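You will see chain A twice below: alongside chain B first, and alongside chain C after that.
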Partner chain A sequence: MTLSFFDQFMSPTLFSIPLMALALTLPWILYPPPSAQWINNRMITLQAWFINRFTQQLLLPLNIGGHKWAALMASLMIFLISLNLLGLLPYTFTPTTQLSLNMSLAVPLWLGTVLIGMQNQPTIALGHLLPEGTPAPLIPVLIIIETISLFIRPLALGVRLTANLTAGHLLIQLIATAAFVLMPLMPTVAIITTIILFLLTLLEIAVAMIQAYVFVLLLSLYLQENI
Partner chain B sequence: MADRIVKVAEKRLTDVKLGELGSWLGTRDFTPNGILASIRRGHDRYFNKYINVKKGGIGGVAMLLVGYVTISYVWSYEHLKHDRWRKYH
Partner chain C sequence: MPQLNPAPWFTILLFSWLVFLIVIPPKVLNYTFTNEPSPQNTQKPKPQPWNWPWH
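Moving on to the complex of A and B:
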């Protein structure tokens, strides 16, 4: 029984093309480029407003060198938020539930921030390994701990996104199955379960947006330390 | 109505008669570039009709998403059909 609950994270193939290919290319269609007119249509205006606001907020703490990352951060945010939200539709596939995708996004970007820091300002980058004001006997232990926490960052970034989305989808499927099975037996309990399912769906919509935001925010923080 | 003869190749699909379907298909461009061009044309037609309008509503995007859900269902039907009459899911 448990085995088939995880089947929603499989990518079934049709004519040997996996569904993941369709799920990954759909955000491309949903964000059309602005036209040469002065006032665009409503959809493009809304998207442009959101992207501008988000990029402005994200780039506030970064210095001028960090502004080179603006396009990457904005496109990453848009990509993640649309993948997460589209995955909440029925029968669709969420690529961000696959650890491979999230790690392939997290590891190169984190590594980029670390390498930029080591190349341009190695002393400061290494200095982050020791917080200010630590008592002298604690220094060796703390350096080891800070190094471990530095190297665990890409793992945490990837796994956080994967785990949150996978758990959310699994919960939705479990509670929906429970409500469906309980309906002929105990209708009152089934209605309570349906209310819980509704609230959970609202939570999942929020989580989808928040997780994308957290991913990009943490990346910008790692960048801020190093650039 | 037939004031001048229009070649089969230049007609749209809705104007082609059933007997001419074979020759019409023969004139279409099935190279990858041609397929991409037809996808681009289809996309532009949909976009300019439903989304790129002065007071567009939620309908344009909603139709696209419903189409996406339907295609996902069709795509995973082979896997989903095993769930039909199962006792324990």
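Moving on to the complex of A and C:
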């Protein structure tokens, strides 16, 4: 019974059109291009305000070299937050539950930051492997540990997003099934379960936005170290 | 877990990067923002003396 709950994450096809393709191309209809006038409608104004404030906040700790990444970070944030939030609608496929998508975003971007660091300032980039003030006998062990933690970063980045969203969707499906099954048997318990489901859905909306933000924020931190 | 099925991994990588590089940045870059107006200084700065001669 439990195994069938994972079916919601299979890359679905409808009439042999992979729905992953639709799920990746259609959400951007929600971002219409602004008009040539200074004042647009409410939705576009809100989207512009969000992108502006987000990019400004994200780029605060970065030096000038890091500002070249502004467009990429803003695009990544829009990409992730749209996919996450739209996936909370019933019967919608969430591409970010696929480990393949998250790893394919995390690994190249992390690798980009590491390579930039190694190319432009190799001493500083390698210096991050040894925290200041380490006692001398601990140095070799600590370098090994820091190297491992460096290489785990892309893995953690991708798996964090995947696991959070997958777990959230799975919980929603489980509790919804429980509420549905309990309704004829024990109505009061079913109502309590429905309230829990409602609260969980609110949590999942928050998680969807926070996880997208955390992904981009961590990427900007990795960039900060290396640029 | 169906996510671990390696069959569509490369397709998904390709497709997601295509969307991420081609579709989204033009949309994001089309948003324009006005400069935030700064309040005018109440005191005008005193004119600095200029002592290098005309050449």
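By definition in this document, the second predicted complex is superposed on the first by the 227 of 227 C-alpha atoms of A that agree within 3 Å, B and C clash if a C-alpha of one lies under 4 Å from a C-alpha of the other, contacts with A are read in each partner's own complex, and residues count from 1 in each chain.
Quick note on the criterion: contacts are C-beta pairs under 8 Å (C-beta built on N, C-alpha and C of every residue); 3 or more make two chains touch, one makes a residue touch a chain.
These numbers were taken from a predicted model, which means no experiment stands behind them.
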**Prompt:** For the three-chain model obtained by superposing on chain A, do chain B and chain C clash or fit?
**Reply:** fit
**Message:** Rounding to a multiple of 10°, what is the angle at chain A's Cα centre between the Cα centres of chain B and chain C in the superposition?
**Reply:** 80
**Prompt:** Is A:T97 in contact with chain B, with chain C, with both, or with neither (first, second, both, neither)?
**Reply:** second
**Request:** Could you say whether A:T147 touches chain B, chain C, both of them, or neither, answering first, second, both or neither?
**Result:** neither
**Fill in**
The chain contacting more residues of chain A, comparing chain B with chain C, is C
**Message:** Between chain B and chain C, whom does A:T134 touch in the aligned arrangement: first, second, both, or neither?
**Reply:** neither
**Message:** In the overlaid three-chain picture, which partner chain does A:L86 touch, first (chain B) or second (chain C), both, or neither?
**Reply:** first
**Prompt:** Touching A:S75, do we find chain B (first), chain C (second), both, or neither?
**Reply:** second
**Request:** Pick one for A:M10: touches chain B only (first), chain C only (second), both, or neither.
**Result:** both
**Request:** Determine, under the contact definition given at the top, whether A:S35 touches first (chain B), second (chain C), both, or neither.
**Result:** first
**Superposed arrangement (fit on chain A Cα atoms) - minimum chain B/chain C Cα distance in Å** = 14
**Request:** Jot down the residues of chain A that show up as touching in both complexes, chain B in one and chain C in the other.
**Result:** 7, 10
**Fill in**
chain B residues touching chain A in their complex are 43, 47, 51-56, 60-61, 64-65, 68-69, 71-76, 78-80, 83, 88-89
**Request:** Show which residues of chain C lie in contact with chain A when the two form their complex.
**Result:** 1-5, 8-9, 11-13, 15-17, 19-20, 23-25, 27-34
**Of chain A, residues touching chain C in the complex** = 6-7, 9-11, 18, 20-21, 24-25, 28, 31, 33-34, 38, 44, 47-48, 51-52, 71-72, 74-76, 78-79, 95, 97-101, 104-105, 108, 162, 166
**Message:** Per the contact definition, I'd like the list of chain A residues that touch chain B in the complex.
**Reply:** 1, 4-5, 7, 10, 12, 14, 19, 22-23, 26, 29-30, 32, 35, 41-43, 86, 89-93, 177
